[in-house]
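Can you keep this structure in mind? I'll have questions shortly.
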Amino acid sequence: TQAQGATTLVVSTDLPLQGGSKDQSDTTNEAVALLIKQAGGKAGKYNVVLKKYDDSTAAKGSWDDAQCAKNAQAHVANRNEVAVMGTYNSGCAKIIVPVLNQDPKGPMLMVSNANTNPGLTKPWNAGEPEKYYPTGKRNYFRVVTTDDNQGSAAANFAKSEGVKKVYVLNDRQTYGQGVAQAFTAEAKKIGLTVLSEGAVGEGWDDKQPNYEALFTKIKALSPDMIYIAGIFDLNGGQLVKDKVKILGDNKTVKLMAPDGFTGYPDFLALPEADGAYLSFTGLAIDFFPKSGAAAKFLADYKKEYKHEPTGAFSIYGAAAMQVILDAISRSNGTRADVYKKAATTKISATKSVVGKAIAFDKNGDTLNKDITIEIVKGGAEVGLKVITVK
Amino acid sequence: MSTLLEVKDLSVAYGKIVAVKGISFNVDKGEIVTLIGSNGAGKSTTLRTISGLLAPKSGTILFKGEQISGMQGHDVVKKGITQSPEGRRIFPRMTVSENLDLGAFLRNDKSEIAADFDRVLELFPRLRERLTQKAGTMSGGEQQMLAVARAMMGRPELLLLDEPSMGLAPVLVELIFETIVKIREQGTTILLVEQNALAALDVADRAYVLESGSVKMSGNASELASNDEVTKAYLGG
Amino acid sequence: MSQAAVVEKAAVRQYKGTPGQIRRRRIELTAGVVLASLAMVWIVVNIINSPAQFAQVFILGFRNGLLYALIALGYTLVYGIIELINFAHGDLFMLGALFASYFITVWFGQENSNLAGWLTFLAALIAAMAFCGGLNILIERLAYRRLRRAPKIAPLITAVGVSFILQFIGIKWNGSTPRNWPKVLPQSEFTVLGVNIAWNTVILLLIAVPLLLLLSWVVTKTRQGKAMRATAQDQDAARLMGIDVNRTISFTFAIGGALAGAAGLLYQQTTGTTNYNLGFQLGLIAFTSAVLGGIGNLNGAVLGAVLIGIIQGLNDGLPIALGQKWSQTVVFTILILIMVFKPAGLLGKSTTEKV
Amino acid sequence: MTLSNELVLDASNISVQFGGLLAVNDVSFNIPKKSVVSLIGPNGAGKTTFFNVLTGLYKPSEGKVMFGDREITDLPPHKIASIGLARTFQNIRLFGLMTAEENLLVAMHSHLKSGIASTILRTPRQRKEEKEALDTAREILDFVGIGKWSSEYARNLSYGDQRRLEVARALALKPEILLLDEPTAGMNPQESAVFVDFVHRVRDARDVAILLIEHDMSVVMSVSERITVLDRGEKIAEGTPEEIRSNQRVIEAYLGKAASEGRGK
Amino acid sequence: MATRAARKAKKATRQPASHRTWALGYLALAAVMFVVYQYALPWEGLPLPIYDFLQLWLPPTAINEALVYVICALGLNIVVGYAGLLDLGYVAFWAIGGYCAGWFMSNFFEQWNFHGLASVPTTEPGLHINFWLVLVIGGAVCAFFGVVIGAPTLRLKSDYLALVTLGFGEIIPQIFFNGEDINGFNLSNGTKGITRLDPIPTGVKDLGPFDFGSKFVIFVLLAALMVFISLQLRRGRLGRAWLAIREDELAASMMGVPLMRTKLASYAVGAVAGGIGGVAFATHVDGVYAERFNFSISIFLLAMVVLGGMGNVWGVILGAFILAWVNSTGLPALGDTFNTEFGTDIDFPSFTFLLFGLVLILMILFKREGLIPESRLRMVLHEGDADEELKPAQEEKK
C-alpha cells in the first residue's frame, strides 16, 4: 500500500561517501542527479526524487558492513522508496541484496554500477548466488560485466601479443582477486607461464610507501608482462611508477591492467603509464561514441559541474539509474512491480548514456560482454580492439 | 633590615579545598624564618605558591617589593628564589651531577658554578662519591641531600627549604642545620619548613606557627620555643 | 668483622639473579638464539641464492627506514617529554608531504630536476619544516596543553581527534585518492657492484643524517636539550630549576613537527605520491619503530625505523620470503618477539622502581 | 643477646651488589617471634635494600632468607606477602582511589578463594567469604583507630591516618612479620610519640614480630628490643638500645654527638 | 520478558542502589524501544512524521549496531577501565568472535559437514552450530587468545604493552584479510568475506535479517549480561585486585596480588566480551568481512570507554551508544535534515572527519571525566581541573 495514490517515488543511491572512494562516489551522485534532472524528475507518470545513502562511516573511513546493514533496513523502511542504485563494493551488496530481497512489500530493485564479483549473480563460491535471494526472486541487476570475463580476455590478448611469462599482482580486494584469478586460470590454460604463485597472484599492500623491493624480486624472474589486477586508487600510481623504475618501460616489459585502471586522468598523466595495456568491461569514457546520448550526457555533465567525472563508473551510475527510471515508468509504482520490470529493460545504444545498449540476462548480468582492449598513448586511452566474451 | 619577601592575605585552594586561608608573613633579608605546624597545615602549599607552582586564590606575594604572585615558576627562579621541595623531586633518570647542573640552569657564570659545585659536594661528600649514579637509585636520605644541594646550586637570594631533614640520619640532621646557618652567613635568606620544630626553632630567627591554613602564632624563634602551647603541640614535650 | 671476611667479600660474584630468573633467562636466551639463527639461515640462504638482489632490496629497505626514522623521532620526542602517544603525528607528516607538493609543483611550478627545481626543493625543505613545526606547536597549544595534568589516556583520545581533523584537511586538500606529483630530485641511478642506487637515496641520506645528528646534538648538548630532559622527568621540579616548561614542550613539538615536515618532503620526492591517509600507515610504522628502539630514546627510534625498513624490504623483495601482503604481520611479529625478549625495546633501559 | 625465642625469620649472609657497589655486604640478621627489632644506620647504609631483599623485591647476590623453615629467597613478592611478610613503604603507597576497607580487602586477596565463576554467580560460599573478609577488615580498621573512615577513599585521609591505614593494610595480610620503613617520617614529635604506643599495641594484640627502619632515635630507642646497625652495607653493631646508644662506632657513624648526649632527635 | 530476567538477576546480586536505578532505567528504556520497534514501527497507522523521524534518527539497525559496540566497549572497559591496561588492539577479539560465527554458522566450510542443534536443515553443507553455542565458543576462543596474547607480554610496562596489543590487533585481522589462501587452505575467504549466516534459533522463531526487534532483545540481554559480569567482578576479589593494580602495581604485588595472573584474567574476561560482540555483530550484518577489523575500530572503542567514563559500566554504555550512534546515524541524519530544512546542498559526509574530530577533542577538553564518571576517577580528573582553574591567570601573562 505504500505507493497508494502517491505519485512521488524515491530512488536512491547507496555509495561510500567518505574516505578513499569519496571522489568517485561524489561524481557518481552528480551523474545520477543530472540524469534525473534531465528526465525532468519524472519516470513515466511518476515523480521521482533522489535520496543519497552513505555506506561508509567516519570512524572507518571506508565502506562499513554495519552501515550497509543499516542502509538495507532504511531502504526497506523508507515507504516511498522503490529502487536502489549501488552499491560500489560487492561486499556491501552481499549484505543489502538479501534484505531487499526479503522486503515484505518487495522485493526491492537494486541496480549496481560497479559490483563485479561474479558470486552475486552466478555460481561462484559455496551457496552463491542462491543465498542472496532467499525468496528465489531476482531483484538485483548490474550494468557492468563480471570480473571473470575480463581476466580471460586479457590473458588471450597477452598471448596474441607474444607474451610468454607473466607475473600477476592483485590489490587483495574482491575485485582485484577475481580478475587475477580469471586471468591466471586462462593464462595457464592457453599455455602462458605464470610466474607468480597461487591462484590469484601476489597481493600488493596499498599502504606501503613504495614497491621497489617487490619489483626487484619480480625482475629476477624476468617476466615479459606484469598484470596488475586491481584498482588504481589503491596506490596504483606508485605501483606503476615503481614498475617502470625497476623493470623498465612498458615496451621492455609489458604492463596490463583491468578496468580498475581506466578512466583515471591521474593515471594517464603519468609518464610511466605510456604503453600500458588496459582492458575495460564495456566502454571507457574516451570510447564513448562521439555523438548521441553518451556524448551529450558527458558534455552536459561537464557543463553542469565544471569538471570531469572521476571515472567511467560514475557514468555507469547514470546508466544504472536509466535502467531504474525505465523500469519505474513501465511499472505500477510498487516495489513488487518495479523489480520485475527491470528484468525486461531494453535501453538502446542511442539512448544509453554509456553508448551501448543495456539489457540483462536471466541472472541480472548485463548482456554487454564486450571487453575493450586499449593502450595508453600520449596521455590518452587508445582503443586497440574489442574482445567479446562468449 | 629590609623586607625581602612579603606575603599578604594569601589564600590557596585545591579545587574546592582551601588549603591556605589568608595568611600573611614576611621574611627580612638575611633572616632564617621557619614555618612550623602539623600535617596538612598548609606549609608546603605556601612554599609551592611562592615558587609559582600554584596560583593563589587571592592575596599578594611581594619579593623585593615586586609582585610575584601568579608568576610562572621559572620566572620566580629568575628573580632569585629556589626551593628544595617536599618529596625531593630529584630527576630520577639523571645522574647526580646532571641534577646539580640543572640546579644552576639559569646561571651563566661558569667558574662560579664550578666553585658552587665544589662547595655543595664538600657539604655532602656522599654526593661526590656518587656523581655518576642515577639519582633515582639513591637511598632516600641521599636523595634528600641532593635536593638541598641542587637548590643551593641556584645561588638564590631566598632559599625555600621544605622539610630538609626528613629521612636523614641523626648525624646528617645536625649537619643540615649547621649548613643552614652557614648558608645564611654567606648571605642567603632562608624560609624553612620543618617537622623537626625543635631544631628549626633552634636555628631560626623568627617563626610562624600554621594551623589549618592560618597563622596561629608568630614571633621570635626562641620565645616560641619556650611557649607552652607550642611545646605541647609540636615539640613532643 | 674479621679481616678474612672482608677478603672473601671482595670476591662476591656479580649479581646474576635468582635461580628462577637465571632459568628463565636461559630459556629466553635459547629461544632468542634459535630465532636469531633461523633468521640468519634465512638471510644467508637468500644471500647465496641471489646476492645482488639481496643487496638491492636491502638498500631500498634502508632508504624507507630513513624516512620512517624522521617520523619516528617526532613520536619519540613527544612521548619522551609528555608521555603522549601522539596519534596525530603521522597525519602531520602527511600534511607536510602535501605542503611540499603544493609548494614545489603548484606554487613554484617546478617539475623537473634542474637548478630552479633544486633551489625550490631546498626552499621547500625549510618551508615544510617551518609549516609542520608551527602547526605542531599550534596543536599542542590548543589541544594538549590543557590536559597536562589529566591521566594519560585523555590526551591520547584528543590526539585521535586531532588526527581526524588533520585527515579532514588532507582529504580537502589532496582529494580522497592518491595523487601523483612530478619530482624535482634526479631520478637517475648509479651502479655499485651490480647494485643500483638511486641518487635520491643519496640525497635523502645527505639530508636525513645531518638532521638526525643535529637533533641528537640539540638534545644531549644544548641548554634546550637539558631543559627537555628535565621537563620529561618532572615538570614541577623543572619549573623550580627555572625552566620554562611550556616553552620547552612547545620547542619539542616544534622540532618533532619540523622533522615530520622534512620527512614529508623527502617522502614526496622519493615516491611522488600523496594520499590523505598516508599518515595513518606510516605513523603506525613509525610509532612501532619508536617503541621497538625503546620509546623516548632517539638513537633507538632511528635504529628501530631502519630495522623495520630493512625487514620490510627483505620480506617484499626476496624470493624466499612471505611476500608483501604479509609485510605488516612480519613487522609486528618481530616486534612482539623483541618485546618479549627485550621488554624495554632495543636500546631502552628497564628502570626498576626504587621504593 | 637476650632474645632466645624461636625465630620467625632468619636471613643469613645476605649480599646485594649494584654494579660495583656492594649495597649490602654479608649481613646476617634474624627476627625472633613477637619481637620488635630495628634496623638503623646512616643514609645509604643499605637498610631499604635489605628490606627489599626480605620482601622479595630484590634478589640477593649471596645468602638466603628463611621464613620459619621455608626458604623464601627466590619467591616472588606476592608469594612472600601471602605467606606472612607484610610491609609498609618509605613513601606512602596506598591505593588512593580505593576506600580504606577496600585497601584492606586487596591485602586479603591471597587468603580469599572465590574465583571468577563464583564471584559472578555470588555463590553462598563466596558471599560468606566476602562478608567475613569485610568484618575482619573493619575490625582491623577499628583496631588501628580509623574505623570511622572505613568507606572513605584513602587519598582523602590525613597523613597520620594514611600511615595507620598502611599498617592496617599490612596487618590484613595476617602477617607473622610486619616491616615498617621509616613510618614516622614527616610526623612531628607529638605524633611520633603516639605512634610508639601504637606499635606496642600492634605487637601485643596481633601476635606479630615487627621490623622497623627509622631515623627518629626517640622512636627507635623506645620500641626496640634489639637494634641492628648497618653502615655502608655492613653490620657494625647489634644489641639492646642501651648497648647501641653507647656504642662508640655507632655514635661516630650515625648518631652524632647530639644524639649521644641524649637529645634524642 | 526482558524485565523479568533482570528482576531475577537483580535479586541475586544486591547491587547498591545507584546501580539498581541504572539497571532499571536501562531495562525500562530497552522495553520501551522493543515495543516501538516490534509493534509501533510495523504498524501501518503510525503517523508518517513519527515513522520518518524514528527511521531517520533512531533506525533499529543502528540501535542494534550500537549495542554491539556497547558489548565490546564493556569488555574493553574491563581491561582499560578496571585494570588500567591500555589495549590498542581490541579489535582482534571482535574479529575472532566474528569469524567463529562465520565458520560455525554458515556453509563456508562446505568440505565439512557438521550440524550442532542448528537452525538450518541438515542437508546444508558446512559447519552449522546453534547460535547460542557459538556465543559460548566465540567467548571461549577469545578468552584463550586473550591469555595467549597476554602471557608473553603482560610483564611489559604500560606503553610497550599497548604497542604489543596493537601488534596483535594488526596481525590477527591481517591473517583473516589474507586468509583466502594459506598454503592452499581457505581460512577466511579473504576480502570476499563469509556471508549469510544461519538464523538465530529462539525456540519460537528463527531470527533472520528482518527480525531486528527480536535481535534487539538478544543484544540488550547480552549487553546486560556483560554489565552484570562487570559489576559482579568489580565488586569481588578480582575486581579489587584490578583496581589495586591500576592504582599501584608494585604495592599490589607486595600485598599478595599475583600480577600476571590478575592481569591475564582481565584480558581473558575482556576478550570474552569481544568474542560475544563479534558473534553478535556477525549475525547483525549477516556476514563477516575482514575489512572491518582495522586499527581505527580499536581506537573508536577506546574513545567510547574514555568518553563514557572509564570504569563505570553505565558511562561506558552511554559513551558507546552515543559514539556509535553519532558515527552511523547522527552525522548523516544531521546532514540530511540540515539540507532539507534549509534547502542547502552541503556535502555533509565530507565534514564528518572534522565533526568527529571536534566531538572527541571538545568532549575531552570540557567533559574529560566522561559522561558518567566513575566516582573515583572524577576525583583525579577534577584535581586537574582545579589546577587548570588556577593556571590560566599565569599563562596569559606569558
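Order of writing sets the labels: A, B, C, D and E. Residues in every chain begin at 1.
Going forward, contacts are C-beta pairs under 8 Å (C-beta built on N, C-alpha and C of every residue); 3 or more make two chains touch, one makes a residue touch a chain.
The UniProt protein names, listed by chain, are B, C, D, E = Unannotated protein.
Here the structure is a predicted model, which means the values were calculated and not measured.
K.L.:
What's the minimum number of touch steps needed to get from subunit A to subunit B (Unannotated protein)?
P.N.:
The least step count works out to 2.
K.L.:
Tell me which has more C-beta contacts between its two chains, A-E or A-C.
P.N.:
The comparison resolves to A-E.
K.L.:
If every chain is reduced to the average of its C-alpha atoms, which one ends up farthest from subunit C (Unannotated protein)?
P.N.:
Relative to subunit C (Unannotated protein), the chain whose C-alpha centre sits farthest away is D.
K.L.:
Take the average of all CA coordinates in subunit A, do the same for subunit C (Unannotated protein), and state the distance between these two points in whole angstrom.
P.N.:
Distance between chain centres: 39 Å.
K.L.:
In whole angstrom, what separates the CA-based centres of subunit B (Unannotated protein) and subunit C (Unannotated protein)?
P.N.:
42
K.L.:
Which whole number of Å gives the spacing of the CA centres of subunit B (Unannotated protein) and subunit D (Unannotated protein)?
P.N.:
Chain centres of subunit B (Unannotated protein) and subunit D (Unannotated protein), defined by C-alpha means, are spaced 31 Å apart.
K.L.:
If I count partner chains per residue in subunit C (Unannotated protein), which residues reach a count of at least 2?
P.N.:
Subunit C (Unannotated protein), residues with two or more chain partners: 164, 167, 171, 246, 280, 325, 328, 355.
K.L.:
Show the residues in subunit D (Unannotated protein) shared as contacts by 2 or more other chains, in ascending order.
P.N.:
Within subunit D (Unannotated protein), residues 18, 48, 57, 89-91, 93 contact more than one other chain.
K.L.:
If I count partner chains per residue in subunit E (Unannotated protein), which residues reach a count of at least 2?
P.N.:
Answer for subunit E (Unannotated protein), listing residues that touch two or more other chains: 178, 250, 350, 353, 356, 377, 380, 383, 387, 395, 398.
K.L.:
Where on subunit A does subunit E (Unannotated protein) make contact in their complex?
P.N.:
Listed in rising order, the residues of subunit A that touch subunit E (Unannotated protein) are 1, 17-18, 22, 26, 54, 56-70, 72-74, 77-79, 90-91, 94-95, 98-99, 102, 104, 117, 119, 125-127, 131-132, 134, 172-174, 177, 198-200, 203.
K.L.:
Quick check on the complex: what are the subunit D (Unannotated protein) residues that touch subunit E (Unannotated protein)?
P.N.:
Going by the criterion above, the answer is residues 55, 57, 76-79, 81-82, 86-87, 89, 93-98, 102, 105-107, 109-110, 112, 114, 116, 119-122, 126, 130, 153, 155, 169-170, 173.
K.L.:
Any idea which subunit E (Unannotated protein) residues touch subunit A in the complex?
P.N.:
Its residues touching subunit A are 41, 44, 48, 51, 55, 59-62, 65, 68, 107-108, 110, 125-126, 177-178, 180-181, 189-193, 195-196, 208-210, 212, 281, 284-287, 289, 291-292, 294, 296-297, 300, 327-329, 331-332, 347, 349-350, 352-353, 355-356.
K.L.:
Which stretch or stretches of subunit A touch subunit C (Unannotated protein) in the complex?
P.N.:
By the definition above, subunit A touches subunit C (Unannotated protein) via 19-24, 58, 61, 172, 202-205, 207-214, 216-217, 220, 232-233, 235-238, 241, 245, 266, 269-270, 310.
K.L.:
Which residues of subunit E (Unannotated protein) touch subunit D (Unannotated protein) in their complex?
P.N.:
12-13, 228-229, 232-233, 236-241, 243-244, 247-248, 250-259, 265, 269, 376-377, 379-380
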